[in-house]
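Below you'll find the structure, written out as structure tokens, and then a few comments.
Letters are used for the chains, namely A, B, C, D, E and F, taken in the order the chains are written, and counting of residues starts over at 1 for each.
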Amino acid sequence: MSLDLILANLLNPAVLFFVLGLVAVLVHSDLELPAPIPKALSLYLLLAIGFKGGVALRENNGDAALPVLGAALLMSVVVPLYVFPLLRLRLRVPDAAAVAATYGSVSAVTFVTASAFLQRANISYGGYMVAALALMETPAIAVGVVLARIAQRDHAEGFDLKALVHESLFNGSVLLLVGSLLIGYIVGSEGGSALKPFTEALFPGLLSLFLLDMGLVVGRRLRELRQLGAFPIVSALLLPLLNAALGLGIAYALRLAVGDALLFVVLCASASYIAVPAAMRQALPQANPALYVGMALAITFPLNVILGIPFYLSAIRALWG
Amino acid sequence: MRPIKRVEIITDALEIERVAQLLEQHGVTGYTIIRDVIGKGERGIRRGDELSGVFKNSYLLTTCEPEQLPAIVEAVRLILQQRGGVCLVSDAMWVKH
Amino acid sequence: MSLDLILANLLNPAVLFFVLGLVAVLVHSDLELPAPIPKALSLYLLLAIGFKGGVALRENNGDAALPVLGAALLMSVVVPLYVFPLLRLRLRVPDAAAVAATYGSVSAVTFVTASAFLQRANISYGGYMVAALALMETPAIAVGVVLARIAQRDHAEGFDLKALVHESLFNGSVLLLVGSLLIGYIVGSEGGSALKPFTEALFPGLLSLFLLDMGLVVGRRLRELRQLGAFPIVSALLLPLLNAALGLGIAYALRLAVGDALLFVVLCASASYIAVPAAMRQALPQANPALYVGMALAITFPLNVILGIPFYLSAIRALWG
Amino acid sequence: MSLDLILANLLNPAVLFFVLGLVAVLVHSDLELPAPIPKALSLYLLLAIGFKGGVALRENNGDAALPVLGAALLMSVVVPLYVFPLLRLRLRVPDAAAVAATYGSVSAVTFVTASAFLQRANISYGGYMVAALALMETPAIAVGVVLARIAQRDHAEGFDLKALVHESLFNGSVLLLVGSLLIGYIVGSEGGSALKPFTEALFPGLLSLFLLDMGLVVGRRLRELRQLGAFPIVSALLLPLLNAALGLGIAYALRLAVGDALLFVVLCASASYIAVPAAMRQALPQANPALYVGMALAITFPLNVILGIPFYLSAIRALWG
Amino acid sequence: MRPIKRVEIITDALEIERVAQLLEQHGVTGYTIIRDVIGKGERGIRRGDELSGVFKNSYLLTTCEPEQLPAIVEAVRLILQQRGGVCLVSDAMWVKH
Amino acid sequence: MRPIKRVEIITDALEIERVAQLLEQHGVTGYTIIRDVIGKGERGIRRGDELSGVFKNSYLLTTCEPEQLPAIVEAVRLILQQRGGVCLVSDAMWVKH
């Protein structure tokens, strides 16, 4: 059953283009998407998903929104709290804190791939799930930094809370996502119809192109991963499963609809490789980016995108009965 | 033409604005930045292929009077220690205009 | 009534994305569209608007075209002639001449936003209005430069008329606009149908993305504007209104249809921040680009895009009765 | 008759945008598509044509495929074999070998323009023609290099066959084309429908934009071509006709359908300016890129795109009767 | 290796082609251009974020013989006076090949 | 600060990875690359406007100890002979950090 879903997911052209990117690195091809095309694609995805979510939010009955938004916020705070001590078994404080933040935060592209998967399977989901995505992007950063400060008993340096809150609320990707969500909400389905060819019809194609680039990036990182040792690799395989399991429990307790549940679990399972590294570079410069980005990007991302999404869905179907 | 110190700094793309501000605080009046250069150093390869900006460098070229140099070098050194990168100083002639 | 229209204009997603860009600068976000995406978007807009205009020109009865094209040419010559002495009250000769040229010329994006506004309001307009846009882009440059030469009694340096004419006719944006117009005209509606998904369906989305970037650019410029003093700021607020009023009178005298009238007034009210600065840099290097670009971009552009378009339309409706 | 077709081809907006690019260079306009937009467009075209071909291949009855694929492979090996001695009349060994490889290989954009021409003329063609395109991209490179080695009796340096095969199979454009073909084949028409707005609806528009850039590049190269002398220019005019004639004969012998025949002839007539130069730079660094790229790009490409396609079609129609 | 003068010029992106032509007129045979660099100087910040190209710089690197230098510097100086920018001259060794 | 040799190499964009590998083989530990620079030299104009990468250069900046220089220069010279480009060596001070 789960295998069927994995196959269905693999028949998603976007996922296949991701695999093509991996293959290109494997065979040492010189295929590459020149900068800044990937950055532009990533901005497009945020704009489109935000806008679509906003329009949906307006149309939807929003009653189902509050519990899932609350759960999202909770998870983004709680995940780093239990991930940090686990990682401390082997990692230095700044590295453990940065990885904890990475797994508390989320990956928009994993979310987007999951929502494309739902669409192909004709399973609906609420527009507020995009708000959940936005909500989970940054609190984990603050938690991670605070954890590091406490563990290092480092109060001297003057913890720049203001800068951290600012970075959390106004970093480019969060702002674009939230701004597009608001714009979609304001203009609604009728006002937004002119944007549909851009935000919806083009979406699967541009997502495929972006995932092709992700495949190239992940492929290159995979090669360099061995140098990090076994612990980070194993952690990057187990943490998403652990977080997904917890998310699954919460989704079950809240009796979320299947589509919402899958997206929520995927958010919990995913790890950030855009917002968190940029913030950590400022707030925890002692942490090793090759470690936390490598884990999120080279292992957790493909795990979720290729196997995780269909696997989580079959778990949900089994539980929801 | 008059002699001047030519200072070039390569560091994290996310850091380059801060370096520029620092230079201005030390009296530098002009600089040029090349965004998005790539490279390799003690901290490994930076291929510029990720979206976070963390694996991307920027290059900054500026000039200063010889007597400004020690203070500038001291300030830059601190950033390089934290975020990585290099700073090279050489002699040049400034074409007055 | 005018307020209703302002609101209707604000419900245009493109305008809201412009506001989002402004907000991003205001809150010191690091949101940015990486170069050369904005340049590519700007080329797209010119190509699409030109092509669409050409196709429309072919279908249209072109009788209405001649008077409005004549008026357009006239305005682009006359505007700098009266703007220059006004500005000389406070500005140096080269600055006054450059600003005069800036306001005699036009902003394609303002035009495009106005035409999107018309489309949303179901008001039609002639394809020849795109020809008017092209026609108004450059004569003001020549007028501005000649004004500066006369005022400076500077005949020695050998006024390079040939270079100026060349720049006016063949600068990249004019050539792309006129070329696309011709191509649209040649292939007509049937031959051009294959391009529609690109030139029409995508248009509102890509315009939104471009206006997001414009919001970022304008926001940054706004911050630096204070240094220019009060006179340029006040001028940048009043000149578009003055030019719009004159344009309105001419449109009324020519009994233009409502849609054509709005676009004509918007062309008169708008100021150039692409073609003119590039040309002035060559022809009047003594002029301060921070001044003329700042006025056109940071004040006149948002004024027109947010308030001007609906305001001019309500004036037209009131007058036309 | 042929004139009608030439006109029909010229009414293709994409071809007109190519002409616009040429004109822009002619009048010394500063119009340009900023890097890396052309590269991104070229990747898009490969992805789209590959994907479309893959989907078509799945739907199609593939019986007609084998003979044409065999012929394609044959031509890409044979063409350099007879082009090389012809060129040796005047060119140095490495130059002759590089040019021979250039004409044995193919131009994807010429292929794409021809397929757009067919679509406008309502002539169908098989999805396997894309496989033929992929198949012909690289064997000629190996043949060219081997020819050079033999002619120079240069066995000492250790001919790096492995690198050459690798480059041939896994260079970026071939990999993207073949990968997209496979993905299209795997997901089929239903699974690929979500990508249609991207790969099909946008195709004519993005091809137009790309051909605008090609016009600019070709225009610039044309200017510099005189320096190469008459022999290369004449060769670049005659070689495509020679290769087209041979291709025509084979297509006739194989009784290919009209659409397939045109695409096959166009492949034979076209010359590579992406894959071959990149490979030659490594394998035959003594060859002069201004020569082989100039011939392929500045003469053969426009010849095929403007006159060749309709001319070949009228020849096919005349022969097929 | 032989000694050579290394000349770098940063100015308005719109002007760089003209600088290159000028250099060729003065006998320079090779140069390298980095388009679209940003910076700050007497004429304020150039962030490269506008479409006119007016607020964007380009960087040009070239070399010349010591005896060519005065004429080149003189020619460049005129452009810099009009359009802004800087010119730095330093000593380098040219790797013959 | 301590004296160091500053080496800059401009060559075919397709070649720059190989130059970097070569430098590493000769003990260089860090370098910076600016991709996609354009220019002119003995082999004509390279405008970077074609898709093959053949008419595009890359710029590489690195540093080495004076005693490493001869071997590096020798290695680079070979590539430049085949593929074109230039190599300049100058003196600089390395800001220790």
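Criterion: a contact is a pair of C-beta atoms (placed from the backbone, for glycine too) under 8 Å apart; a residue touches a chain by one contact, two chains touch by 3 or more.
The structure presented is a predicted model; accordingly, all values stated were derived computationally and were not measured.
Contact with both chain A and chain B is made by no chain of the assembly. The chain pair B-E and the chain pair C-D differ in C-beta contact count, and the higher one is C-D. Summarising the inter-chain layout, the chain whose CA centre lies farthest from the centre of chain E is A. Centroid distances from chain D, each centroid being the mean of CA atoms, peak for B.
Distance between chain B and chain F, defined via averaged C-alpha coordinates, is recorded as 19 Å.
Chain B and chain C have Cα centroids separated by 39 Å.
Chain A and chain E have Cα centroids lying 45 Å from one another.
Across the assembly, chain C contributes 32, 35-36, 39, 197, 201-202, 278 as residues in contact with two or more other chains.
For chain E, the set of residues that touch two or more other chains comprises 34, 90-91. The chain pairs satisfying the stated touch condition come to A-B, A-C, A-D, B-E, B-F, C-D, C-E, D-F, E-F. On the chain C side of its complex with chain A, the touching residues are 11-13, 16-17, 20, 23-24, 27-35, 37, 116, 120, 197, 201-202, 204-206, 208-209, 212.
Taken in their complex, chain B has these residues touching chain F: 10, 34, 37-42, 57, 59, 73, 76-77, 80-81, 86-91. By the touch criterion given at the top, residues 35-36, 39-40, 43-44, 47, 51, 166, 169-172, 175-176, 179-180, 183, 186-187, 191-192, 194-195, 197-199, 201-202, 278 of chain C touch chain D in their complex. Residues of chain A that touch chain B in their complex: 32, 35-36, 38-39, 42, 216-217, 220, 224, 273-278, 281-282, 285, 289-290, 293, 297. Residues 1, 4, 6, 20, 24, 29-35, 61, 63, 90-97 of chain E touch chain F in their complex.
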